[in-house]
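Note that the chains take the letters A, B, C and D in the order they are written out, and that residue 1 is the start of every chain.
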Amino acid sequence: MTDQITTDPTKPSERMRAGSMTLSLGPWIVAAVLLAVLPFIFTNNSSITIMNQMWITVIFALAYNMLLGQGGMLSFGHAVYAGVGGFACMHIMNASDFFAALPLPVLPVFGGLFGMGLAMIVGSFSTRSAGTVFAMISLGVGELIAACSVIIVAFFGGEEGVSGDRTYARPFFGTEFLQQIEVYYLISAWVLIAAALMYLWSRTPVGRMANAVRDNPERAEFLGYSARWVRFYSFVASGFFAGIAGGLFAINYEILTEENLNTTSSGVILLVTFLGGVGFFFGPIIGAIAFTLLQTVLSLQTELWAFYAGTLFVATVMFFPGGLAGLMMMHVPVFKLGKARLLILPYLKTLLPALIGILGLSALVEMVFHVRHAAYGDDEMTLFWTTFNSHDILPWVVALGVTAIALGITRANAPALRDAWNEANTAGGSA
Amino acid sequence: MDLILVNIIDGLVTGLLLFMLSAGLTLIFSMMGVLNFAHASFYMLGAYFAYQISIALGFWMGLLLAPLIVGVLGAGVERYGLRRVHQYGHVPELIFTFGLALLIEELVQFIWGKNQMAYFVPDALNFSAFAIAGNSIPAYKIFMIFISIAIFIGLLYILTRTRVGMIIQAALSYPRTVEALGHNVPLIFMGVFGVGTALAGVAGVIAGPVLGTFPGMAFVLGSIVFVTIVIGGLGSLWGALVASLLIGWITTFAKSYNIEMADILNGIGIGTPENLDESLFRDFWTITSPQIADILPYILMVLILIFRPSGLFGKRHS
Amino acid sequence: MKNITKLGVVSALSLIVGASASFAETIKIAFIDPLSGPFASTGANGLHQFEFASDYMVNQKGGVLGGDTFEVVGFDNKISPKESLIQLQVAIDQGIRYIVQGNSSGVANALTEAIDKHNRRNPDSRVLFLNYAAVDPALTNEKCNFWHFRFDANADIKMDALTDVIVADENIKKVYIIGQDYSFGKAVSDAANKMLGEKRDDIEVVGDELHPIGKVKDFTPYARKIVASGADAVITGNWGADMLGLGKAIIDNGFEGPIYTYYAAGSGMTAAFGESGKGRIRLISQGSINPIGSEEARATYEAFEAKYPDGNIDQSRIFNVIGMLATAIEEAGTADDVVAVASKLEGMEYDSMWGGKLFMRPQDHQLIQDMHVGVHTDENIDFDYDQSGFGIVNESTIEMASMDSPTTCEMKRPE
Amino acid sequence: MSTPALELSGLKKSFGKAEIIRGIDLSIGKSERHAVIGPNGAGKSTLFNLITARFQPTAGTVKLHGEDLIGLEPYQINRKGLSRSFQITNIFPKMTVFENVRCALLWSQGYKYSFWNLVNRSRDLTEGAEAILEQINLTERRNLPAGTLSYAEQRALEIGITIAGGADVIMLDEPTAGMSHSETDYITDLIMKVTEGKTLIMVEHDMGVVFGLADRISVLVYGEIIATGKPEEVRGDPKVQEAYLGAALEAEH
């Protein structure tokens, strides 16, 4: 294990030194430009609505990853911080005099403060230890607050939730936020601000120590830091940003309900974050985008979307514990070594048939589902732009054949890919 | 007074049912350090398999076969899923079982659809065993009590009186040593996982007809099983039993008697605010015990974790 | 890396956009209800009934406006208000002008407010909200708006009808009310207390309580209390697993009286109650299935059964929604101008094939119709539910229930 | 004489019925290099863990510069100027070597729990960490994850982390355990270099290291100190000879 050292140790060292003194702005500028341009590509309201949802999830997932990825704390009840922040914002929206004097873009700050306040209360006892105890307290507190949402009607509005109207805020440079597109830019601005702040947080002393405490709380204690307080600060900061996400939710949907607090939402954010990859800052961003697309776009295509999402999730945990981001970052050494070209052909040869095989499998799943659950006499089904009779033999033969052949090719070509992968990685020898 | 007796029996049934789930879960945890989120999903599978078998072969064959199938499935999950994830650490393991729970729910819906299943108590047990002050105690409940007590005794016997049990107990504390002594620890893990999930399967088989067999049945029970073993102390069989019964009785009694928050607060000397309807805390004042009965275990768990993180009977500090 | 991901988003989003090309000759109706998750069965059954109704009642009869056909498009809202609002936006973008929804008053509340705001902010793409099952009285009272029409009777109307039947039974002296702890459960409890008190003051309410929604594993302790209270009848607004759990627990633990309820049929529940619920469960509904309301209805039901052997028409009002919408579009002469269509729906009188007259009250857009109280049994069943041999047989009918009930709605109509 | 850097009096520790530390009195002066030796199972690591609050003592006191340490948390002890390493390498394996050292500097440079400073903006931190890397000869490994270093390098890093905070009392638990000869020499030199002017307390097996480094030595046998003194005094002490020989003989069985 000791020999795996990069070729020329001086080079990365220089690079790091340069990088450590200047914050690299490149990705942020690209992100800002993309955020600004996207609505010109997707002009219809539903795309904008979906993107709004995506960016809100991005903030929430990044906040969640402050705990899971950076602090090593597994929370099963993080939705409550976003939810409480959101509910607070709804109440501010309904406090007409105060709200009329408040520019709408400032509102999420209040959500953040309320999320933070709640996190301070809960964190004061839950961050004493990490691991199972923390996870279980988060589950318990999450359940309690979710249960409160139908009991404490004065604040949570019961099952109907609390709704309001964002347009009653003080106009912000003449904008009343009547249209989705205006809200889109508000959310986009917040995504940039929040993501940048969270990124910077990971560069602060307490952010660095969060990593240290995650890896080795005992050692951190012998460096003068109380593991508990380091966790507490991470927890409170995470609560703040979750609250911001809640505030943006309030602005976008103008309603908050019990679902913003319940364990399902808490579970979803865990899935999102893990799917994207907890090991990298940008992992949750990818996870949020991928999951929102699954949830809103795939669910338009098939009622089995949750089944596919579940399969994808389990497969990720089993085969790529680094998540989508980990999968991407696996290729960084290859690119650094300039050997990416070696991989193109093997990838095409393996992944293309694999993709066809997976599509074939899902076609089979859909056909089974159709045969089993569709209306009697309703034999026609449409799959991949083809309409056929699901009770005929032919489609089954085709689907089975395609799947089997495709997976067979994948299997046959997999060793070549493995070799190519090793080849692409070995020259430098780094793992 | 009669009602108290009835409630004690009802709470016992609930508690013992919970125990059948938590016993397996706590064994699995103490052995592998895995909190199996999908445990209640195996309970659900037990009910569905038993339903399917009972259509063809009757209830009793379902009771016999369904747990076996569930156990084999569980062992398969350990062998081909969990063992693989194990190398990445505990958090991915936990997340894996979490994903598995979702997937099983989707699978069940895929196969059996989304409706309630018509899974009934067998005719042989479909009568009232006795009645206390008009409250009939169905014979099936007595049957449930006997089955769970039999399982507890059997489990205790195997763990403390047999060679396999000794090895398991040793493997609990010193897996490396046991492995060095030539025992196949991965096989033991797989076996314990299989048995644990089979126990959950039994619980599903006998609870399905009473509590309903539907895709949400795992979700309703899922986290409460967790709460039970955390309260009892992770890894403690006795703890699981005590916590299960405790939760069974607490929830039963809280539902049976309307205790109002206002009474409690007045009792400890806090006066009811005058215009309650306008008070921000109005909903807090009007809480009744049945309203919060099913979240009482969570309150209990949080309190226990704050003041005694290792649970009632726990020795280990995780 | 980021760029690549975003490219993925681009292509995925263009898929939806591509799918949104609409055809002039079909009138699309967006069905926004749960198609996945715990309530999926109710949603899927509803979607089937809508699809069947539009096909059978409209398309096969030559469509409306001289050949335009109805198409029902399902949108999965996963019973989440948030998802509903996203799907609403997607539906609007696809050029859909008619939204139907019914499961969960919470979702209905979110939708009606969102649609009101949308129609105010975007006068060019206004939509109508045809609510076929969400019964929170607020929707046609303080939260009413011009775009919302309710085809189901609201909780108060149903309770009015139920209590009419209860007070007619001389044997019932003590009543126990139990429900889920949320707005609807509370509305049921309030209405039951008020109306029982008004109609027969000798009936004693011996218990009135709420339990957490969707969280109770075992209803036995509640059943014990009910038995111990000596109640002669139980009133509950429970639905789904909570209804089944409560009902089974009450029956299994020795309660002998009837259970008056809102939602205890179809979606597997009739089969699950089976023999044990016979003669015990009494259910409020509109439209009589056994005996069937008319020959036309019989033909319709038989056609439906031929298509969906394991499906039930457990929401016959869905056929009323389609029928009334088709009539309104026909009368307005347009399907695009929803204000015109809404104006025709207001005050419409319509003869339902399930029997009786329907009247869309213009003050609050609440449909006034005959209510039926039926009993769960396996005798005299023409059309059973869940292929179980059991079904609901009509026992009493309340004509044009709550025709003159008050409303607090102050309808604002567009100029 | 000034207050000793570290003073133990009547220190006892039992685990259940077994008394592992049976009353230790020891005083270590400022800038002294003190080694604790003893046969296996004598309680050396337990003693270390008592001093640094990893375990709570059953009786007795531990004083650092005259201040009582009993009841304090490890991080509070560290802030008072006592830093330790561990017998089993205890670093942050997923973080880079540089990050490891920088984290060790944060508290002593006054950054505390601040979230308004950016660590890479601080010249002091970067330069401080580089100086330490220079001292422990790991500059070239700077950007590698610490977990990928060789064993000796990880030990060196651990020493680097231990001294980085600028504590004036350094405790090293078997710094050369499991090392080859050349590695041992390297680490010994390193320890000499980095503990210049500081109080050092170390547990060590390798007698070469001990006699080369220590100003004074204490011999711990079965939870008691049987001798304390200059290396040559201890070497000649018959009790020590006996204890070591006896233990060695027992171990052979």
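Everything below uses one rule, namely that contacts are C-beta pairs under 8 Å (C-beta built on N, C-alpha and C of every residue); 3 or more make two chains touch, one makes a residue touch a chain.
Since this is a predicted model, take the numbers as computed values, not measurements.
Farthest from chain C by Cα centre, which chain is it? Let me know.
D
If you average the CA atoms of chain A and of chain B, how many Å lie between those two points?
Between these chains, centre-to-centre, one finds 31 Å.
Just how far, in Å, is the C-alpha centre of chain D from the one of chain B?
Taking the mean C-alpha position of each chain, the two centres sit 48 Å apart.
Between chain C and chain D, what is the gap in Å from one C-alpha centre to the other?
Those two chain centres are 74 Å apart.
With centres defined as the mean C-alpha position, give me the chain A-chain D separation in Å.
43
Which parts of chain A, given as residue numbers and ranges, touch two or more other chains?
In chain A, 147, 151, 304, 306 touch at least two other chains.
Counting only residues that touch at least two other chains, what does the list for chain B look like?
Answer for chain B, listing residues that touch two or more other chains: 109, 113, 291-292, 295.
Could you list each pair of chains that touch one another?
A-B, A-C, A-D, B-C
Please name which positions on chain B make contact with chain C in the complex.
3, 6-7, 10, 13-14, 109, 113-118, 120, 128, 131, 133-138, 210-212, 214-217, 219-221, 224, 251-253, 255-256, 258, 288, 290-295
Can you name the residues of chain B that touch chain A in the complex?
Per the stated touch rule, the residues are 35, 81, 84-85, 88, 90-92, 94-96, 98-100, 102-103, 105-107, 109-110, 113, 223, 226-227, 230, 234, 280-284, 287, 291-292, 295, 298-299, 301-302, 305-306, 309, 318.
Which of the residues in chain A end up touching chain D in this complex?
The touching residues are 1-2, 4-6, 9-10, 12-13, 16, 20-21, 23, 200-201, 203-209, 211-212, 215-216, 218-227, 229-230, 233, 237, 431.
What part of chain A is in contact with chain C in the complex they form?
These residues of chain A touch chain C: 27, 30-31, 34, 38, 41-42, 44-47, 49-51, 53-54, 147, 150-151, 158-161, 163, 165, 178-180, 249, 253-255, 257-260, 282, 285-286, 289-290, 293, 295-297, 299-300, 303-306, 325, 328, 375-378.
Show which residues of chain C lie in contact with chain A when the two form their complex.
Spelled out, the residues of chain C in touch with chain A are 1-3, 5-6, 8-10, 12-17, 19-20, 35-37, 40, 44, 48, 75-76, 78, 80-83, 85-87, 89-90, 92-94, 104-106, 109-110, 113-114, 117, 121, 136, 138, 181-184, 212-213, 215, 306-309, 311.
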